[in-house]
Amino acid sequence: MQIGFIGLGNMGSAMVRNLLKAGHDVAVWNRSPDKAQALVAEGAKNVATPAEAAQGAVVHTMLADDKAVEAVTFGVDGILSGPGTAIHVSHSTISLALAERLAQGHADHGSTLLSAPVFGRPAAAEAAKLFIAAAGPAAALVTCQPLFDAIGQKTFAIGDYAPAANLVKLCGNFTILSVIETLAEAMTLAEKGGVPKAKLLEVLTGTLFGAPVYHTYGNILVDEAFRPAGFAAPLGLKDMNLVSEAATDARVPMPVLAILRDHLLSTIAREGDDIDWSGIGRIIAADAGL
Amino acid sequence: MQIGFIGLGNMGSAMVRNLLKAGHDVAVWNRSPDKAQALVAEGAKNVATPAEAAQGAVVHTMLADDKAVEAVTFGVDGILSGPGTAIHVSHSTISLALAERLAQGHADHGSTLLSAPVFGRPAAAEAAKLFIAAAGPAAALVTCQPLFDAIGQKTFAIGDYAPAANLVKLCGNFTILSVIETLAEAMTLAEKGGVPKAKLLEVLTGTLFGAPVYHTYGNILVDEAFRPAGFAAPLGLKDMNLVSEAATDARVPMPVLAILRDHLLSTIAREGDDIDWSGIGRIIAADAGL
Amino acid sequence: MQIGFIGLGNMGSAMVRNLLKAGHDVAVWNRSPDKAQALVAEGAKNVATPAEAAQGAVVHTMLADDKAVEAVTFGVDGILSGPGTAIHVSHSTISLALAERLAQGHADHGSTLLSAPVFGRPAAAEAAKLFIAAAGPAAALVTCQPLFDAIGQKTFAIGDYAPAANLVKLCGNFTILSVIETLAEAMTLAEKGGVPKAKLLEVLTGTLFGAPVYHTYGNILVDEAFRPAGFAAPLGLKDMNLVSEAATDARVPMPVLAILRDHLLSTIAREGDDIDWSGIGRIIAADAGL
Amino acid sequence: MQIGFIGLGNMGSAMVRNLLKAGHDVAVWNRSPDKAQALVAEGAKNVATPAEAAQGAVVHTMLADDKAVEAVTFGVDGILSGPGTAIHVSHSTISLALAERLAQGHADHGSTLLSAPVFGRPAAAEAAKLFIAAAGPAAALVTCQPLFDAIGQKTFAIGDYAPAANLVKLCGNFTILSVIETLAEAMTLAEKGGVPKAKLLEVLTGTLFGAPVYHTYGNILVDEAFRPAGFAAPLGLKDMNLVSEAATDARVPMPVLAILRDHLLSTIAREGDDIDWSGIGRIIAADAGL
């Protein structure tokens, strides 16, 4: 398929490689162009503007935040500036409010938005093992399924309203951080009571909590491996702020979310910006005098 | 082995049956004696006092709360009233403070306490599929391993300080309820945003959260199957109060625990005593106007 | 003094009347012009645009939210569209971010921003009994003191950085709502324990808590006089969101604030938009089964 | 009147002095007898047991905690061990559960319990300026009014159910600490935003919050005068635990209370036992990186 891909960070570059491997023609664009060069050597075509990247059947975006997505979509030489028959597959973790504006912008323009945020860290992206939560018009989802298959291990169809997939993604990130919070509180209590953190984790993962998120983050907490950051605290804060906005707009009290946000603020205030979001564990331990 | 078993509720009776099947001679005692009769037909020997149940090599207790464990241990005709060479295996979810007093009481008496709380609901007890977190003197743990194998699928050795196993159990129950809380908050946000609860659960369990506790309680929340109670809210509150006491004594702030306690209080106040502890999901939804 | 006044709601109209009484010439502008007419009869001059209102020595704004302040300042025919030698006295409760942009906008324009948010309800505005927290360049504060004296009973000088006054105002509103929250929690406990709410309030205000905010809101809680709203819950939510933004930007965890926000969300979700912000008391009581 | 007084700490000794000044005959008892000696020089009569102190018309107790009150009331040579026609005026801050047991114990014994907890620090006790919340049978309240007048500036009659006065006292202490929490959160936000804490306090106390508790604790927070402790954090924790027990028993969620307890735990864990309960302000600032 003729496609475009905008946003070539660790995640985006890995996804492009897998799309190339699956035989697609990929026009790439990145704000800082050096990242595109590396992919040209592997078969991608570097283009000069987001609008050019959107000339194919589908254009993907995988960007850091609302502002970046907004710029490449609505900005000068943006996706919606051209004739635009493309499907826009938005992989980024963005606000519901922006997802709604994107959907409306595409509807006004005669094009289609699919929201398809992904679950997985860079290693999963490289291995084409991402999970994809996809929502939007059914025909477009069918069209894009081969693309999803090229980058992920499973696609969850969330329905025909694109922002619903963004909401699922936000809920997922909230659930991950709440696991970290809970583990850290329990481990702190255990440790002060004479039970090593690793022992508690062994029991939890060996009984009812044998899911990847407990293994991954449990071990980070046991080893206090908060640096270098796999997912930095300020990015985690950005995501939790998006959840908070969604909850505020929907009038949903979320007391655990409030704790997560406060602990991220404390983590950043006390530890700086370069710590992993699981670094809330350090604050939780410090608040108990450890 | 000649053993005794005190406390013949759903959990205890199932455990006794599996001990009988494994060939042990089991003397049973229960405050209301009718429950013992049913087990006599299956080979148990009914005795008149806790002290008599403690005449064998090991006596197990599986009781509702601190008060009951205290009475059968320290009370008239209690476990510690006799000559007492037995090992006392305490399976109940009790306070750290009581576990410490039990350990001391046995030490003073020349006998041994093992704390061996179990993870699992009655069906797991019947299937001999419990998980056991066991702590106490190493020799006693070796002696009791065949008994643990008769009732459970796996034993986790927590160390030689018996109350440590009780602490692990409290941490486990805290972690379970925090999963319920988090799922309920996320599902409420999802539902108000147009994503069915079952859809969110499918994505979570299909990606990073594929552990039994998410399946079990996720489906209860989706179906709002809060009655009849598998584990009633007042029992959940009792356990969370035990965690809170432990945290207070250890000087460990646990903000998620505070939310869980408050939501259980609200659940009981608004829904009564006969609702499952996962009924906090109903309060969380109601607080969002659902 | 030749001044302008933009925003003629209950608060603004009362302030204009007191400025007229003090002998100032007041050019007024309001988005819906009928409110201006009433004041013309009392000596004000109705003008056609915010820019015209800003032709005098000082222009006041007293508007509902960031959006309104932004529009009259930066918009077409806005305060900054004219030659602009005026001092802009901003009385509205706005975000720190906007206050900073206003200060910068005026600096670029060669004019001056004073932030001068007010404490008090409409009755206090009518009686010229407002409290004013004012910040900005010292010379401008001196110039405006007679205007502050015309509308208020006391002015607090917060310093030369205008947004600091906005921050003080946000802290004040946070403190008010936290008093309501605390009183409602205590009253709910008292009532379930057999102590009438009014009795508890009598003791509190008769001992250590004899401040106006306890009398005012305590009686509202005792009487459950949540409608009609003196300050509607959605406006309270707007303000608490502004505090939350400020706290997020400054990396300050504020756990009580999180509770206030969640309770306002629940109040609006369950009771609608027309309830007073003190209606959080109803949610707190309902969560205890009252 | 012939009376007794048990518990001669700073508060109790000051109260005895004022009772002596008012012309009453006071038999005193204290666990460590040296404190009694000082009062003998001022006219008190030292007795050997609590039971002897209870031979007069009224016996007061002013003790540190439940355990002490329980011992002098129900213990060997305790208040209830003698013939007992006395009225027992209990001034201590104790649990509702103990207050109920005291009331029942006196009823069984043919004597009368009044709960009369006091508001005020040692200086207020010396100046006979305490506030008293008194509850119990009306006739006994009338009898004791001259005694209350000797030690306090005002008595609030809470009704004929003695534990109700204890509940009012617990609500009062909760309200005080919530003021400290709120001020500390607001001051931290202000300070990080460039507004000195003292400036914020000046505005708050100068407008809506002009009550003693804001002056007293606001200045402690401004000066960070957390040592020496006027009311040590562990005592504050004890009181908040009593509130928590009452709230748990009454099924009342109190989310602000949960924050207060967690912050006290953190204060004690990080700062030790010798810090004032207002030291939660240090934790709140530290959590923001100050």
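Letters A, B, C and D mark the chains in the order given here, with residues in each chain numbered from 1 onward.
Please note the rule applied: a residue touches a chain if its C-beta (ideal position, glycine included) is under 8 Å from a C-beta of that chain, and two chains touch if they have at least 3 such contacts.
Since the model is a prediction, treat every value here as computed from it, not as a measurement.
Asker: Of the other chains, whose C-alpha centre is the longest way from the centre of chain C?
Answerer: Comparing chain centres, B lies farthest from chain C.
Asker: Which is it for copies chain A and chain B: same residues on both faces, with over half shared, or different residues?
Answerer: same
Asker: Could you put a whole-Å number on the gap between the CA centroids of chain A and chain D?
Answerer: About 53 Å separates the centre of chain A from that of chain D.
Asker: Centroid from C-alpha atoms only, then distance chain B to chain D, rounded to Å. What do you get?
Answerer: Here chain B and chain D have centroids separated by 39 Å.
Asker: For chain B, what residues touch not just one other chain but two or more?
Answerer: Only 247, 251-255, 259, 262, 265-266, 269, 287-289 qualify.
Asker: Using the touch definition from the top, list the residues of chain B that touch chain D in their complex.
Answerer: 237, 241, 244, 247-248, 251-255, 258-259, 261-263, 265-266, 268-269
Asker: Sort out for me which residues of chain C touch chain D in the complex.
Answerer: Against chain D, the touching part of chain C is residues 96, 119, 131, 133, 154, 156, 158-159, 161, 163-164, 167-168, 170-172, 174-176, 178-179, 181-183, 185-186, 188-190, 192-195, 199-200, 202-204, 206-214, 243, 246-247, 250-257, 259, 284, 287-289.
Asker: Sort out for me which residues of chain D touch chain A in the complex.
Answerer: Contacts found on chain D: 255, 262, 265-266, 269-270, 283, 286-289.
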